[in-house]
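Each structure below is given as structure tokens.
Two complexes come next, and they have one chain in common, chain A, joined by chain B in the first and chain C in the second.
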Partner chain A sequence: MAHATSLQYEPVAEIGGGAYGTVYKARDIESGQFVALKSVRVQTDQNGLPLSTVREVALLRRLEQFDHPNVVRLMDVCATQRSDQETKVTLVFEHVDQDLKTYLERAPTAGLSPGHIKDLMRQLLCGLAFLHSNRVIHRDLKPENILVTSKGQVKLADFGLARIYSCHMALTPVVVTLWYRPPEVLLQSSYATPVDMWSTGCIFAEMFRRKPLFRGESEVDQLGKIFEVIGLAPEEEWPTDVTLSRKNFPPVLPQPITDFVPEINEQGAKLLQEMLTFDPFKRISALNALEHPYFKEEEKLTQTKS
Partner chain B sequence: MTMSLEDELTTAAVNGNSAEVEDLLRRGAQVNGLNRFGRTALQVMMMGSTPVARLLLTHGANPNVADSSTGLTPLHDAARTGFLDTVRLLVEFNANPQAVDNANCRPVDLARKYGNEDVVNFLDSLENSQ
Partner chain C sequence: MARTSFCDSKPLLDLHKKADERRAPFRSLANVYGPVDRWQPVDVGLQETRITSVKMETDHRWERRLSAQKNEGILLGIHEDSRTRSAAAGCVEEPVLLHPFSLQGLHSLQALVPGLLRHEVELALEKLDLIWDRTYAWDIFLEMMRTQTQNSFPNADLPRHFTDATRAILVDWLIQVHELMSFQEETLYLTIHLLNRSLHHIKVATANLQLLGMVCLFIAAKKEECLLPEVSALCYLMDHTYTKHQLLRMERKVLCGLEFNLTHCSPLHFLILLASIARCSAKVVWMARYLLELSLLEGECVAFLPVQLAGAALCLSRRLLKEPPTPEGEAAWCLASSINVGSETALLRIMHILATAAAKAHSRETCATFLKFSSPETMNVSRHPELSNAPSLLGICT
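Let's look at the complex of A and B:
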């Protein structure tokens, strides 16, 4: 982890700039392929990189050994010292030239077939089950971070970095989407693997609807929109350690999920409800979701390519 | 740091954000303008985003710009990544299927190397119909 990125990887465009650094699309001059470069600025002292960063990077590299088909490859890690106090750590990922957002926009007007949605969901859950079994939480699952190759292979991107970022970034306010955030994150209560299962539920619904399920404009508005569908959570499920009181929300009742996702079948609706469960402890896990009857009934799989 | 309109255009294209691409073109971004890395929007766009490709091409994007370091054209990249719709569109807008990169490879060679059969078939069919 000590050589320069500048020679082999040539940036061609800026993809995004977060609070922590910048993401570039770059070309690997040797292979001709595109890569995604993500750099994080980390504070250093006389001992070099902080132990937590070294650990996180080591974890990502260990994950890489499994060569999981549903997460993007981590191809390289480079560190460049910028000053006595700052080092730039650059992660080089395989680049995939399509995300789920684009994929859904490109789908025929009739939408994706049920079999096709099932295939995407199975792959997404496989990737998540893999990350979760290695104690990696994605935390920022959304259609832009779910990549789909031209052969229809789903690959999760942008995982496992949240902790590196949150430890070291000089916090600058950035606009992040709230639409895929679970109640416990909106309430600032807890963050664990169920976080990703809520986001997966939102994305599952979006595959049918082709527009987001909950489009809130603030944390409170987002919670309100969630309750309009799943009903106001019971008092005993409301986290005790939060500032936002349950009394701020009208006592709405749960609505049938099929009112919002009309094309979903019966087992799909059941699975979706298990994902969109308020209490993170009662929410279905990725592994259990893969065992759900929804995945047992086979649907005719129509074309899954580009 | 402020970004030029062309930097913004390439960023919109690389994200497959067609609404933003359209807006920037309307605001006067040069479709063949270079970003600060010396690349055009068509060269860096999300290859799977056929809507972005269409917008850029109908606004006069040059499909035959070659990458300064590797000689790869957008058609090479679309063929390697396997997005048939984008490949077709580029060819429709006169991208040269016979262009060779610095390693002397044509788009069809890359499509074959990366196992993109449908792209290989399409590019082969062009040769046979000539």
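Let's look at the complex of A and C:
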């Protein structure tokens, strides 16, 4: 049970110093199963666990009841007091050995087949549509937190943690990759579920390219690299509440996306473009992306086959 | 799953079904939504195979569900499977809507739910401002029905050292604290739900029961309220019997013991929904709210589903107030009651409990709810003269 997390789980290895703290691979002593332990220290005042932590963890538990196939399982949660000011909240997730980053690295030299990419994308979007319909934004979608099981099942991890960890994050100087960040986040404008769709577009392109699409070194550099592909956004789409002016960027024109992702087919390129749309309001949603003709094509193919 | 704790009625559910089997059909909930041309038959004849086959399908079920959400048309169920219905034949009391998530004919739900009810549920949810997009209304309602069964109690048993009387005293005290804090009504229902669950999951010494109750209220407030009370104020309300440190330790114990699962589908939501569908008058609703809150004090009510408690409270309220019937009102009431079709025995049992409780409420030691609902703001419902006759109205000898 949750009361004795340290007793029930035996640490095996440190598997990452994620943005939000150390992650351990551990073994559930009872079942022998491997789990991923993610701990976060939250500041507690005289009123106990912060309201935000209680709500966020309760939300993760609530999502867990749906048992969605494309979302990583949250198996246990535990809170232990470390001192008067600090409580450690440990989240116990199922452990999946492989993330999309290593999956792409391990792929044969010819790359993944178009059908395989479509399957991965469909699963990714299913998981995302599920989170979004439950009003959860991932906020940090990247190949490292998209897990792929040995059977090829895609599982989203680390969603919704941003808010639980937020107070901790302020204290840790962490390097977070900018490569999957949408323009509105880079410009520090307000954002919502479309942020994840931008990241999904970047990942979609990366599945073909097997290297990231936009590799910026700073916020401005990242935006510059984005505009080199999608063209400088028109004045009327530029958010009004940001400090960075549109004038800082050269007036480049959009380039055909197939120049950067040559292996993609016509419908795939259309979908990718709808994901890599500057204006978050015009960007395609996860639900609509699943309805895109790109995913319909395969069905037609299999139907004619059978 | 709920079980009625009296033995003379037929079982509401087949209690021999294993939990896994009962849960399995929800795995295929998506099938309910599947457009006809996408429907994939699932072998319902063999439970074992079905579970595995559904599992293998998991990758696509959500997708099907999602794509179907955009499908405008109401699907007419042609998926009814005669084998599953005959399997259910032994269960005469099978409530139709309570079981979309249970074993039988999940996919046939669309056939069994009249379009009118679906429409009314959607309208009511929208009117009550419980949803922001009608596309998801029916899904949300099904989700409410499912959530309540997931978080229900197998029985009304209490820990050994804890009697129904002590429980009632604790709940009554929590109702008073809740009122003092001017919290929302949802918070009270969540508090008592967390208390019931804690009593099942956590070992607590009798001396700490008050502390446990207070911590449940505190956690419920953290989940539902905008303004939180200070821990020191809570300790003051408990006469400083416990220290702040003890309270915070109990908070961790409860949250860990419940594994942070604070989900609850409150009977109050069902009551408001049913009342809206049935076009009940304000007085009927206040009376039903009073009766529903009385159910919190009754240990036996723990084992009933929220939708049953709400249905029974509303039904008893109507019978007590005897408002002149209108054809529209009766039709609306019929439609609202159809949600509880099949659980009549349970509803009758709850009505008996509530009628008995309401008749004695004024003379009981635990009278916080009685006082709360005697105010003019609540239309003085708890002082309604008909309440003393409530048991005889139902034919119970007093």
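Throughout what follows, the second predicted complex is superposed on the first by the 289 of 306 C-alpha atoms of A that agree within 3 Å, B and C clash if a C-alpha of one lies under 4 Å from a C-alpha of the other, contacts with A are read in each partner's own complex, and residues count from 1 in each chain.
Keep in mind that, in the parts below, a residue touches a chain if its C-beta (ideal position, glycine included) is under 8 Å from a C-beta of that chain, and two chains touch if they have at least 3 such contacts.
Keep in mind the model is a prediction, meaning the values are calculated, not measured.
> Quick check on the superposition: with chain A as the shared anchor, is it clash or fit for chain B versus chain C?
Verdict on chain A: chain B and chain C fit.
> Quick check for you: in the superposed arrangement, does A:His292 touch first (chain B), second (chain C), both or neither?
Touch status of A:His292: no partner.
> Touch check for A:Arg41: first (chain B), second (chain C), both, or neither?
neither
> Output check: A:Lys225 vs chain B and chain C. Expected answer is one of first, second, both, neither. What do you get?
A:Lys225: touches no partner chain.
> Considering only touches as defined above, state whether A:Ile15 meets chain B (first), chain C (second), both or neither.
A:Ile15 contacts chain B only, not chain C.
> Applying the document's definition of touch, where does A:Arg73 land relative to chain B and chain C: first, second, both, or neither?
neither
> Figure out whether A:Lys270 sits in contact with chain B (first) or chain C (second), or with both, or with neither.
In the superposition, A:Lys270 touches no partner, neither chain B nor chain C.
> Is A:Ser133 in contact with chain B, with chain C, with both, or with neither (first, second, both, neither)?
second
> So in the superposed three-chain picture, is A:Arg209 touching just chain B, just chain C, both, or none of them (first/second/both/neither)?
After superposing on A, A:Arg209 lies clear of both chain B and chain C.
> Can you tell me whether chain B or chain C touches more residues on chain A?
C
> Once the structures are superposed on A, label A:Lys88 by its partner contacts, choosing first (chain B), second (chain C), both or neither.
Neither partner.
> What angle, rounded to a multiple of 10°, is defined by the Cα centres of chain B, chain A and chain C, with the middle one as vertex?
100
> Shortest C-alpha to C-alpha distance from chain B to chain C once the two structures are superposed, in angstrom?
12
> Could you give the residue numbers on chain A that contact chain B in one complex and chain C in the other?
No residue of chain A touches both chain B and chain C.
> Which residues of chain A touch chain B in the complex?
Residues of chain A touching chain B: 10-16, 25, 27, 29, 32-34, 97-99, 101-103, 105-106, 144, 148-151, 305-306.
> Using the touch rule from the top, collect the residues of chain B that touch chain A in their complex.
Touch list, chain B to chain A: 7, 10-11, 13-16, 18, 35, 37, 39, 43-44, 46-51, 67, 69-70, 72, 76-77, 80-85, 101, 103, 110, 116, 118.
> Under the stated contact criterion, what part of chain A meets chain C in this complex?
Interface residues on the chain A side: 1-3, 44, 46-49, 51, 54-55, 57-58, 60-62, 65, 67-70, 76-81, 87, 122-123, 126, 129-130, 133, 153, 287, 290-291.
> How about chain C: which of its residues touch chain A in the complex?
Against chain A, chain C makes touches at 27, 58-59, 61-63, 66-67, 69-70, 136, 147, 150, 218-219, 222-223, 228, 230-232, 244, 247-249, 251-253, 255-257, 259-263.
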